[in-house]
Each structure stands twice: as C-alpha cells, then as structure tokens.
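In the two assemblies presented below, subunit A is common to both, partnered first by subunit B and then by subunit C.
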Partner chain A sequence: MSIDIEQCNFQYPGTGVGVFDVSINAAQGELIAVIGASGSGKTTMLKLVAGFEQPDSGCIRVNGQDVTHVPARERNMGVVFQSYALFPLMSCLDNVAYPLKIRGVSQAERHKRALAMLDRVGLGAFARRFPGSMSGGQQQRVALARALVFNPVVLLLDEPLSALDAGLRVEMRSQICELQREHGITALHVTHDQEEALSMATKIALMHQGRIVQLASPQELYDNPNSRLVAAFVGQANLWEGTVTSQSRVDVGFATLACEIGAYKEGAAVTVLVRPEHVQPLQEPASASPGLCPNTFRGPLASDTFLGALRRFELAAEGTSARILGETTARTPVGCIHIDPHHVRLLPPGDIPLA
Partner chain B sequence: MSASQNRKLPLFLLLAAPGFITLAMFFVLPLGSVLGSLVQDGGQALLRLWQDPLFLRGLQGSVMLAITAGALSVIVGLPVAFKLARMKESARLLVMFCISLPLTFSGLIVAYGFILCFGRSGFITLLLAEVGVSPEWVAGLVYSPVGLALAYCYYLIPRVVLLLLPVVSNFDTRLLTAATSLGASRFAALRDVLLPEMMPTLKVAFFLVAAVAFGAYGTALALVGSQVNILPLLLYSRISDTGSDFPQAAAISLVLLGVCSLMMSVAEMSALRHEHRKHAEN
Partner chain C sequence: MVIGIYLLYIFLPIILLIVGSFGESWTNTLLPTGFSLRWYLDVWHDPSFRRAFLMSLYVALGTSAIVTALTVPLAYALTRSMGRTATLVARLVAVMPIAAPPVVLGFGYIIIFSTDTFPWLGTTALIVAAHVVTTLPYMFQTLVADIRHLHLDRLELAAESLGASFGQRFFHIVLPSLRHSILAGLVVVSAISIGEFQVTNLIAGFLNRTYPVVLLQAFYGATGFACATTVILLFLAAIGAGAGALTARAAARAKESV
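Take a look at the complex of A and B:
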C-alpha cells in the first residue's frame, strides 16, 4: 500500500528539534530510504509514521486513508528496530507468533505461520531458541520475520543493520530487499549509511536539521545533487565555490575550469562539483603546458590510498594550494590529471537547496 | 604448594580472620547452642511443639502475616519503583531519601506511631469517628494480624522499592514500544513483556520481605503484645519472665529459621532459572 506523508511538522517540546514540512510519497512496493546525519530527524519521521509520536500538523495517509490519529497498535505496520527489540523471555517462535497471538489467531495456526516465516529468513531450525543465545544477525532476521508475519500494510526499518558487522550488513541488505519485493510491501528505511541507501532504495530522502533537502532516485541524488550538502553527504566529492565567467568557463579560485554552465548566467556564484571517478589520470603530455589544456592539472600526490578495486588519491595541483580528489583503477604513478568538462557539475552556491 | 602461594597464605588468613571470627561468634556459635538445647531432650521439644495447638495457630498466624505483608508491600512498591525510574535524577534522589527514611526507624517507633494514629484514641481513629466509622472497628483492625501487616509494610515497602528500582530502571522500554507496534494494547504489553521480565525480582522481593515479616517481633510486641498469636511472640513468651522453656524456644527458632531459609531459596532458585532461560539453547 502507498504511504503519503504530507507537510508533517513535529517539534520535541521545549527544543528546536523535530521535523519540519516533511512530505514523502511512497507508491505501493517502493522502498524509500531516509538518510541524514545523527539528529537530522530521520528517526523522528519514522516515529510519526509508526504512530509513536503525533505530528503537530500535517497528515499521514496509508492507501489514501488518514491514519494521523490512529494509535500505533492499530496501524498494522511492521517495525524493525535498531536494537532488534526481541522479547528475551520468548522463544524465536513465540516472538514471531506474538503479533498473531495479539490478533487472536489460534495457537496451531500462528505457530505454523511463524515457523514458515522463520524458514523464510533461514532460521527455521532456531525456532525453539531464545534471542539471548543468538547472534546479532540472527536476532535481526527474527525481528524482520516478526515484523512481516502479520502482513503489515507497510514495513518501517529503523537503522536495522547498523549494529551488524560489515559483511553481514551487505548480506542482510539483499535479504531485506528480497523479502520486501516478495511481499510487495512498501517500506521506509531509515539509515545513516549512504551506501546502504544507494544500494537498496527506489528513492532516497536526504534529511538535514529536520527538513528534507532532496528526495530523488539514488542515481539522481548522486549525479544531480541539488546542493553542496547533498553532494557532500552522498559519495565522495570535490566541491569548490566558484563564479561563472563565460558561457563555458567557471572560475574556482585556483583555476578556470571548462564546463557546461546550463541555466547559470555569467557572473553567477556557484558550487562546482567533480566526482572523484571523473578525475582521470593522464599519461603526462610531454610538451603541452597546463595553460593550453583546460581542466588538466599536474603535481605531486598528497595522498594515495589503496582500497582494493580502487585507488583514491589527492593531487596537489602545481602552483596552487588546491587538492583534487581522484579515483582510478590504474596502478601506475599519477602525476597529471584531466577533468572532462562534461563532468563538471554546477550547483547553487553554499548549502541552500534549489527548491 | 609454590613459594608465592606460601607467602600469600598468611596474608590471606590475616584478612579473612575478622570475617571468620564474626561468623563463628555470632552465627555458628548461637545457632549451635540453639541446636544443642534442642537435642538436649532428644527432640522431645519438637514433638511437643507439633502437638501444641498454640504453636500451630502461631505458625498459621505468622504465615498469614508474612503473605499479607509481603503481597501488600510488593503491590504498593512496584508502581512506586516505576514512577521513580521515570523521574529526573534530582527528584528521584529526594524521593528515594524520603522513602528510605522509615528503614532507619526502629520497629518500636513505628509501633507507637501506629498506636498514636490508629489506636483506640488515635488521631485518625477519632477523625474517622467523626464521619461515623466506629473506633472499635479501627482499633480492632490495627491490633489484628492485618493491622500488624500494615505496620510492617511501613518499612517493608522501602525495601521492595530499593530491590525493584534497578530492575525497573534497566528495563528496555523499547520492548513495550515494539509490542505496541505489533498490535498489543498497553495492558497486553505490560502483561506479556514487562511482567515476565519482572517476575523473578518480584518473587525475590516478596519472599525477602515476607521472611522479614515472618521473623520480626519488635513492632509486633509493641503494637499487639500477646493479643495476636504469631511465632516470634510465642518464642518470646517461652523465654521471657513468664517462661524459660529453652528446648521449646530452640525448636521454635529452628522452625522460624527453616521457613525463612526456604522462602529465600525458593526466590533465589526461580531467579536463577529465569536468567538461565534467557540464554537457553533450546
């Protein structure tokens, strides 16, 4: 079912903290990731949807129906908590069967369904175990089974993977996505891990100080961030403040870059974004001087980090104090780089988003 | 034995000595002499006790008193502990201080306080008389096992609160939120999630204060004298001015000790089982 969060405002009493003018529309079957730094309001937003908090204004609809004032226990939403929140004195089976028990399903039936759900997350053999004797990853899968067993209208995930180690996190990502698709359930996934969001979500809402800065598909968010803030939060980035000087040039202080200026006018202040994968190492041109070849810089490497498949380096551009972050798969020495004008993105200046 | 162990042994003995001596002098020795006077007449005292209707009624009275005082204290203490756990640090400290105050009072003070308030001409008895409650009824209640249980609650409730507070404070309230999100009402969440978690501590608290109520005698003596038949008062009557039946007194002591130990071990064992269950493999 679809979820529509419309113009929601909520402020924790006595503080300036909360969420402001938050609107998100999630169509049936979509997985929307909500990302942002700690304190950006992403968990608060989830609490509003779950019904743990009441918005001061605005409304929340599920399948078009206003649920803003429906108590949490009647919203029929599956919530997976960061802390798993499994009941320690109930076996896995009883944990998963609990929502069915509350709904008055007979013992035989609820055990059958809970067991089927545990099988689905690969823990059928652990049904009689207690949560205390299981690993974090296993507990999280039990929590996921418990949140899905009663066919909730939506699935709410509150940083469900942040307590797991890196390898397990990646494995759990695909399991969550698989289950979510299989159930055709709309999901809201709160996380501070941008990689998680980029890999799982159909849409990402980036929050900052209680507001949504950009709501877009992962690709759009990465390729066309609407502000410096989004560009810096999602992925690695070279970000320079600059001024448009002509139809195809932007001055970034240490150099003038060739670029496509789009709708910007000459003289406009902009933030210039260059993703590190677009910083191409060059075989050093023997004769050409940097002045003749725009967007080409030479200089020593200030840092050079081997990351396995990738190598991340910082080139200290000759005659300037600028450092240009680049990524390459090449293992050869780097002394000269080029930035394709096509990959120089212009954003509004400062942190102010477009909208 | 290695050289280092040899060197450590005297220090160990030195440090352990005060504890051992205290234990020997104030626990082993008195208990030994009680048992000694019990076997003096070859267990006759125990047999006589069993046939004594006074003893059986005393045992009954004490059990009733222990259960009433224990249950009342836990029922009152639990919500108090809950409220405290949700208070701000500074407010909690203040309230904790007030709650702990009765623990420092002697049983006699509590007894006289009760008499001054609820006795035949007590302050509250007379106030209640104004609205038509018979003073005889109030006084009758106070000078009964139930009244005694109420007086005991006065210093048993703080104990319960102190015992429960850490467990209540450490309870992960997110579990209640989770239960709510799964469809449970507030009541169902408390019943299914919180109560099972609290149960072992509630049992320990109940048995602990029940054991105290079972064995206490100062307040009882001051408040009801010999009007109520409970074991500690029976024991007192055997060794006070009017009697000196030491084997019989020893037998009663043994019963008191046995019942109290039994209650405590039941509580401890159930707490242990609870912990074990949380980490059970299957």
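Take a look at the complex of A and C:
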C-alpha cells in the first residue's frame, strides 16, 4: 500500500528539534530510504509514521486513508528496531507468533505461520531458541520475521543494520530487499549509512535539521545532487566554490575548468562537483606541455590509500594549494590527472538549496 | 583480616545462640553444660509462641502480597513518565525508611488509631499496613532499577507496534520480565516483615503479637528457652529468604538451559 506523508510538522516540546514540512510519497512496493546525520530528524519521522508520536500539523495517509490520529497499535505496521527489541522471555517462535496471538489467531495456525516465516528468513531450526542465545544478525532476522508475519500495511525499518558488523550488514541488505519485494510491501528505511541507502532504496530522502533537502532516486541523488550538502553526504566528492566565466568555463580559484554550464549564466556563483571516479589518471603526456590541456593537472600525491578493488588518492596540483581526490583501479604511479568536462557538475552555491 | 573480624562479629552470637539452645543449663559459665532438646519442646508446647509463629507467617504473607500489588504498578508508572515530579516522588519513597524511624511511625499510629474515628489499634490489619509502609521502599527501589536496566520501554514500543494493548503489554511483557526482580524484592520484604519488632511492638494487640514481640518475653525466663526461641526466629527468616533466593535461581537456570 502507498504511504503519503504530507506537510508534517513535529517539534519536541521545549526544543527546536523535530521535523518541519516533511512530505514523502511512497507508491506501493517502493522502498524509501531516509538518510541524514544523527539528529537530522529521520527517526522522528519514522516515529510519526509508526504512530509513536503525533504530528503537530500535517497528515499521514496509508493507501489514501488518513491515519494521523490512529493509535500505533491499530496502524498494522511492521516495525524493525535498531535494538531488535525481541521479547527475551519468549522463544523465537513465540516472538514471531506474538502479533498473531494479539490478533486472535489460533495457536496451531499461528505457530504454523510463524514457523513458515522463520523458515523464510533461514531460521526454522532456531524456532525453540531464545533470543539471548542468538547472534545479532539472527536476532535481527527474527525481528524482521516478526514484523512481516502479520502482513502489515507497511514495513518501517529503524536503522536495523547499524548494530551488525560490516559483512553481515551487506548480506542482510539483500535479504531485506528480497523479503520486501516478495511481500510487495512498501517500506520506509531509516539509516545513517548512505551506501546502504544507495544499494537498497528506490528513492532516497536526505534530511538535514528536520527538513528534507532532496528526495530522489539513488542515481539522481548521486549524479545530480541539488546542493553541496547532498553531494558531500552521498559518496565521495571534490567540491569547490567557483564562478562561471564563459559558456564553457568555470573558475574554481586554483584553475579554470572546462565544463558544461547548463542553465547557469556567466558570472553566476556556483559549487563545482567532481566525483573522484571521474578524476582519470593519465600516462605522462610526453608531447603536450602542462597548462595547454584544460582540466589536466600534474603533481605529487598527497595521499594514496589502497582499498582493495579501488585505490583512492589525493593529487596536490602543481603550483596551487588544491588537492584533487581521485579513484582508480590502476596500480601504476599517478602523476597527472584529467577531468572530463562532461563530468564537471555545477550546483547552486552555498550549503542548502534555496526553497 | 578485617573481613575475618567482621564475620566473627556477626556469626559468634548466632553460634552461641545455637549452642545455648541445646544446652541443659547455662549460668555464669562460658559455655552451657549438658545436652537437651527440652527448650525447643517447651517453645512448641507454649501456645503464645505457636500463635505468634503463625501470626508472623500470616503477616509476612499479607505484607508480601500487598507490597507486590502496590509497588509493581507504582514503579512501572513512575519509570514510564520519568518527569521531574515523578523522579522526586521516587526519591522520596526511596529515602522514606531512613528519614522516618520506625519508633516515630509507631507512636504516630498509636495517636491516630486510638481515636474514636479510627479505633483500629491492635488489629492485625494495622500490623500488616505498618509492615507494608516499612518494606515498600525496598521493593520499589529494586523494581525501578531493574525496569530501567531491562529497557522495558523498547520492548513495549515493539509490542505496541505489533498491536498489543496496554493490558496485553503489561501482562505479556512487563510482568514476566520483572519476575526475578519481584522475587528478589520479596526476599527482602518477607525477611524484614518477619524480623520487624519496633513498630509491631507498639501497635500489636495481645492476641496478634508477632514472633519477635513475643520473643522479648522469653528473655525474662531461662537462658536456654530464650536461645531456642531466637534460633527459631532465625530459622523462620532464613526460610523466607532462602525460599526466595532458590526460586529466583531456579528460574534463572531454567531460562539459561533452554
């Protein structure tokens, strides 16, 4: 079912903290990731949807029906918490069967359904075990099973993977996506991990100080961030303040870069974004003398970090104080780089987009 | 060394009492002479001690039941709404037994409950009430500490999202989670209730004196008899505490072994 969050405002009493003018529309089957630094209001937004908090204004609709004032326990939403929140005195089976018990399903039937759900998350053999004797990843899978077993209208995930170690997190990502698709359920996934959001979501809402800065598909958010803030939060980035000087040039202080200026006019202040994977190492150009080739820089490496598949380096451009962040799969020495004008993005100046 | 002296200081009187309770006679000697069970038989055949023994059990049971019924909801409600006022109330309840000495409480009861409006001095109900007031803070503190430690708020939020009503959450989640704490609290509550002397001595009637109150009479008689009665009190308190501790351990073990 679809979720529509419309113009929601909520402020924690006595503080300036909360969420402001938040609107998100999630169609049936979508997985919307809400990302942002801690304190950006992303968990508060999830609480509003779950019904743990009431918005001061605005409304929340599920499948077109206004649920703003429906109590949490009647919303029929599956919530997975960061702390798992499994009931320690109940076996896994009883944990998963609990929502069915509340809904008056007979014992035989609810055990059958709970077991099927545990099987689905690969924990059928653990049905009689207690949460305390299981690993974090297993507990989170039980929590996921419990949140899905009663066919909720939506699935709410509150940083479900942040307590797990890195390898497990990646594995759980695909399991969550699989289950979510299989159930065709609309999901709202709150996380501070941008990589998690990029890999799982159909749309991402980036929040900052209680407001949504940009709501777009992962590709759009990465390729066309609407502000410096988004560009810096999602992935690695070279960000320079600059001024458009001509139809195909932008001055970034230490150099003038060739680029496509799009709708910007000459003299406009802009933020220039270059993703590190677009900073291409060049074999030393024997013929061309430096300075003739635009977007080409020479210099020593200020840092050089091996990351396995990738190698991330910072080139200290000769004759300037600029450092250019780049990524390459090449293992050979880097002394010269080139930035394709096509990959030089211009963003509005300043941190946050003007409303 | 210090611990050794401390243990000696605690256990020596108890050991002497046990030795004395089996001694034939004990006058002006370091240790009693002869061996006898007659003091225990004397206590057994003394109707006032038998009545007091049962009265103590009865009061301890009543106190435990009422304290549990009052404190669990109180502690739960206070930790859920941990505002400033709630914290203040919690602190007040916690320091109450230290701030108000039992004697003060006892005299207060005498003044209030000997009036024509509340002529309840000497009733068993009043003894139970007094014990409830004295022991409640101990149960309260145990529960408040554990409710926070167990993160019950998280579990309740989860249960709420799964559709559980307030009552369902309380009986399915909160109460079972607190059973160990309640047991631990009950050990203290019953031990204090069984040993309580000061207030009970002031407000009990002739026929509903508890064991410690009657015990005082024994010290006007033979030493062996006094020792035997005291050992029985010790035994009574130990049963209460031991039963609680054993149940708690068994429950904890049952949970582990699954």
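We take it that the second predicted complex is superposed on the first by the 352 of 355 C-alpha atoms of A that agree within 3 Å, B and C clash if a C-alpha of one lies under 4 Å from a C-alpha of the other, contacts with A are read in each partner's own complex, and residues count from 1 in each chain.
Throughout what follows, a contact is a pair of C-beta atoms (placed from the backbone, for glycine too) under 8 Å apart; a residue touches a chain by one contact, two chains touch by 3 or more.
Nothing here was measured: the structure is a model prediction, and the numbers come from that model.
When both complexes are superposed on subunit A, subunit B and subunit C occupy overlapping space and clash. Of the two partner chains placed around the shared chain by superposition, neither subunit B nor subunit C is touched by A:R110.
Residues common to the contacts of subunit A with subunit B and with subunit C across the two structures: 50, 52, 72-79, 81, 83, 85, 87-89, 98-99, 102-103, 128-130, 132, 146-147, 150. Of all residues in subunit C, only 151, 154-155, 157-165, 168, 172-173, 176-177, 255, 258 touch subunit A in the complex they form.
Contact residues on subunit A toward subunit B in their complex (touch as defined above): 50-52, 72-79, 81, 83, 85, 87-89, 98-99, 102-103, 128-130, 132-133, 146-147, 150.
Residue ranges of subunit A in contact with subunit C, taken from their complex: 50, 52, 72-79, 81, 83, 85-89, 91, 98-99, 102-103, 128-130, 132, 146-147, 150, 156. Every residue of subunit B that touches subunit A in the complex is listed here, in rising order: 172, 174-175, 177-185, 188, 192-193, 196-197, 274, 277-282.
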